[in-house]
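Have a look at the structure below before the remarks.
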């Protein structure tokens, strides 16, 4: 599985989407002086992590910070479109595409000072692909074996050619863990050991965890053995310590930032972005993301209660899409910070094929609807997670825009588990949703959005034989150009069929004090603090 | 005279307009003497008593003069007033269950008086409290001090309240119907107690009551009140033998006397309204001796050697 | 009856309720639609993953079996592990309970400190301007949603005037009290309004009572008169009110803790409900019930001290 | 005087809200649901006295329109607990015995649950929305009414007129309904009036969590909750509904005070 998960773990969180692909962040004002070493940065998070095990975790709250503790063999590029060296310095794919040879970096040590070995690498990858382990095994399902060729050499054997394997080795679940230390941890089973190990995880990442009070604070200190060097030739990270404070209320987090009690904070509500941009003490950063926000539709012919489902008619779905003015939604919900979706994938997803999606056209919407049995209009209910401000804004706006078609949108706020249950059971008409990729490859999002056999295309019931076949072919495709063409076709069919209501992409809104520099958030969401520092 | 009250008036401002509860009362109390203040319910006896100790609340307007050993009580500053209350004038209320604080022990309630008015230390105050209980006839004082009002019987409660009022040895005790709530045998005990204490401690006593029998038994002088005014004052023996106010006479007739077989004559009619005073005698509507002038002109006081009364018919009664 | 025995009797009445509460909350938790595993794994997990984790957590066993396991655990003093955080519930609650207890006690203290003197001022000036002003201001406190008051106090007193920290809990007792002042004040405002109303009425009743007149006739100082005679009697009814409101204060703590980033159990409770974290919901309900019962017992004791008639 | 001034003021305020609730269209200057893309988050001005929200909807009009829903919340969130609690209190107070003992235990249990948490849990079970909120509030709120009623009934049961009615051989039902209830119900009614103000607040707390009135329905608590995201940039969003909530609270509490004095109910 993949991930996803973005959708929400909790009510109240504003996860919307859409972003401005282009406007990458600017760090204006401050001259890029040499980074300062030392000090403690305090970063405000909206929710705490739950389980810091690379393989067994389930949520973005874990995934997005785990890279500060663990490293992977490869690392995602900052634009999200490729991979760079990590714990492996070189890699080469065999001619048949079924064997990947990797050269490990020399002298890498875990945070407890022990040497990282090829044995650790093999053990970690074997654990990650063990079908009994966790939600993420599918990402590495093509691996059949990991062979140790020498102290600094391993070969990953594949069932079939897999162009996504490089991205998979740059994804959190293939992080390298210390085998000996893990196995010495208390507990009878892997799950029990993992529980104990995750209390005080040891990896090769830039920081290590020293104290963790659930829901309150997570205290990290620099890993003195970290391998990565700064441009000045001295080791990273710059910071001596990094505190994650958990502050669920958006307004309170921002007030703490303004009062100087935090150096930075995530998930700034879009309604507050302008205010922060105007504050001389603060800096607003809008990181390009893979986040898309949309409404999932149930396209089955009948609904749970046996009634006829208008959304099963493709023309109805198209009409609903045409009726929505995305720019207005973007203006209201994201205060203009989002951009309309141009495919079901974000622009930061590799092989995204940009199209102009359903530009608002009420006349066309009416015409399309008139061709269906539902020309008199109908009532449709959309579920959302109770209290989510962005969802409320989106649905309230859409409600208004569908009214001219005679479509009456009823909003139903539910708490997350209730909504999830009804969603998984297919007992819904529509729901709000957003998605971020976990892997720098289009295969994950496609398997969830479009490939029916995985989870029934977002549980929508949309089952397109052609797309299913294209996806299966692309999974074993060796030619990047052909793979790209396959993905292009998938995206075009998806757009035409419109099993979702396309809305917007949005950036990750992060705010810092002027002196807190060097933080990076990649499109997959990972928070990188290795280069963060506090300027004098 | 230790206490002299002149032309005391109390007006209550109520939702439905002013009520003249006390309307020009004159009283004198000599040191060591006992004055009875009698009248029907609502005649202004209790209000007079409370006005003297300035215990009435904000909505009551008090005017006239109250002089205590030559000092003007109504003009006393708060500090002086506090010393006056308790230390010089003690008060006993009608209903001990209501007047004693239910959540404080009897010991505490005596003690706070002693704290306020004496310089005794804790030990001496306790000794004094025990002495007081003994004085009012409460035995097993050490246990009783720690008990609460609800653990006392009615008569014991009244004794306790008297003990509290006497804590700082006042020179004047104002007793507001101290026996009304008690049954007859206890009543008698309490009255005897009060008289005994008066003699032992040398204080003066004002006894408010509606019971003429009590007055006859205990008082030297009596003031009869009707509708907020004193209608007759004099020595008990003289007033009872020869009432010079029609109301006093009527009261006496309505009282069961010693002479067995004497006919009881109830007073006809109802107590007057105090919110709409009449120009004439307040008792006139109920009076069997009324004359035409009674309805139009308020009778003025006739002053004799030991008597004062205000009745147009006074001379012929 | 001996007062000690009476107190023990009160306790004895409360204890069996816990068993009932335990069973009730177990059932209620399972009545909640949805389940912890799909809540945790989110929308996109496959059915196989779901089934695997469900079995691992023992949630595939029958409800009666789970109930017996839960009750057995409680009797042995074991509360199980949190499903979401994967650490023992006891540890989670031990980390979070002190903040909530402190917050609740502090807000009761603040509410009393605000309500008692002002109720006196209001009652002594009944229906004149100080009374009307006090009642109006408290009415605003009572009518303003708690999250808005919190936000206002944070913005003005903490972020703008820098008089207090912006939320959080701090390290050490003094820091805790310092951090909890604003949230406690927020929580106290509406409670103080309720107390003030009740106390003002009680003072008005008491101040005209015969025993207060009698006490005045003893020549007591105003301080003694008001403190000892009026306040004490007027407080008797109010103390009961404090006890009855501890439960709703804890409820209010849910929102206050969230706004002020206080790591308390109120927030944990709501998060656990939203995550269907059954072991935490169950254990926390029991712990809160014990806490509220202790608070009720404490008010019983205070009331017994204030009013000698109680329990005899 | 002591009863009429607060009662009159209170009723005047409530009447004003009642009028707004009945004919909002005639009073509100704009459609409370109407968007205005030209005036998103407009500051208070002559056109929009209390400004507009992020959809360009007129805050004043939404506040006026919300009167209907809020008065409804105040009424129904009070009525449920009142009816259930009064009936239970009447019965256990009159009959006593095991039912009374059971009630005592049950009441102990209900007060040990944090009120809001319980309401949240119940709403989570039943789903959000006003009806379910009434049900949830009734499940919890009846205890206070039952306790009040029980206490009064036990006092009335000792009264002379009840003894007289018994001697006259009236049926229990007649004694309860004709004699005990009318006398015992007064403090309960006084409490109910002040309780209505609290009901609106409970609604707003649930609105904060998204479990109260559902969008686009205007409700004061939800309006204020919406405004918290614009607390620093557009603080006017919460002003009008805030004033409305305080005024309505004042109205209910003054009416309660007045009734209390008028009916001469002991606190």
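By written order: A, B, C and D. Residues from 1 in each chain.
Criterion: a contact is a pair of C-beta atoms (placed from the backbone, for glycine too) under 8 Å apart; a residue touches a chain by one contact, two chains touch by 3 or more.
It should be emphasised that the depicted structure is a prediction, and the values quoted were computed from it without experimental measurement.
S.K.: Closest chain to the protein's overall Cα mean, using per-chain Cα means, please.
M.R.: Most central by this criterion: C.
S.K.: Determine which of the two chain pairs, A-D or A-C, is joined by the larger number of C-beta pairs in contact.
M.R.: It is A-C, judged by the count of C-beta pairs in contact.
S.K.: Per the centroid of Cα atoms for each chain, what is the distance between subunit A and subunit D, given in Å?
M.R.: Centre-to-centre distance between subunit A and subunit D: 44 Å.
S.K.: How many angstrom lie between the CA centroids of subunit A and subunit C, rounded to a whole number?
M.R.: Distance between chain centres: 39 Å.
S.K.: Cα centroid separation between subunit A and subunit B, in whole Å?
M.R.: It comes to 90 Å between the two C-alpha centres.
S.K.: Please report how many Å separate the Cα centroid of subunit B from that of subunit D, as a whole number.
M.R.: Between these chains, centre-to-centre, one finds 52 Å.
S.K.: Quick check on subunit C: which residues sit in contact with 2+ other chains?
M.R.: Residues 32-33, 151, 155, 273-274 of subunit C each touch two or more of the other chains.
S.K.: Where in subunit D do residues touch two or more other chains at once?
M.R.: Counting only residues that touch two or more other chains, subunit D contributes 2, 124, 208-209, 228, 231-232.
S.K.: What is the shape of the graph in which nodes denote protein chains and edges denote touching chain pairs (line, ring, star, complete, other)?
M.R.: The chain contacts form none of line, ring, star or complete graph.
S.K.: Among all the chains shown, which pairs meet the touch rule set out at the top?
M.R.: Touching chain pairs, listed by label, come out as A-C, A-D, B-C, C-D.
S.K.: Under the stated contact criterion, what part of subunit C meets subunit D in this complex?
M.R.: Subunit C reaches subunit D through residues 13-14, 16-17, 20-21, 24, 28, 31-33, 127, 136, 139-140, 142-148, 151, 155, 190, 197-198, 201-202, 205, 237, 244, 247-248, 250-255, 266, 269-270, 273-274, 285, 288-289, 292-293, 296.
S.K.: Sort out for me which residues of subunit A touch subunit D in the complex.
M.R.: Residues of subunit A touching subunit D: 11-12, 250-251, 269, 271-272, 274-275, 328, 331-332, 385-389, 392-393, 395-397, 399-400, 411-415, 418.
S.K.: Okay, in this complex, where on subunit D does subunit C touch?
M.R.: Interface residues on subunit D, with respect to subunit C: 2, 5, 104-105, 108-109, 111-121, 124-125, 197-198, 200-201, 204-205, 208-209, 221, 224-225, 228, 231-232, 238, 242, 245-246, 248-250, 253, 266-267.
S.K.: Could you pull out which subunit D residues touch subunit A in their complex?
M.R.: The touching residues are 33, 35, 37, 40, 54-55, 124, 127-128, 208-211, 214-216, 226, 228-233.
S.K.: Looking at the complex, which residues from subunit A come into contact with subunit C?
M.R.: The contact residues of subunit A facing subunit C are 1-11, 50-51, 58-59, 132, 134-135, 191, 195, 198-199, 213-216, 245-249, 251-253, 255-256, 258-259, 261, 415-424, 433, 448, 454-455, 458-459.
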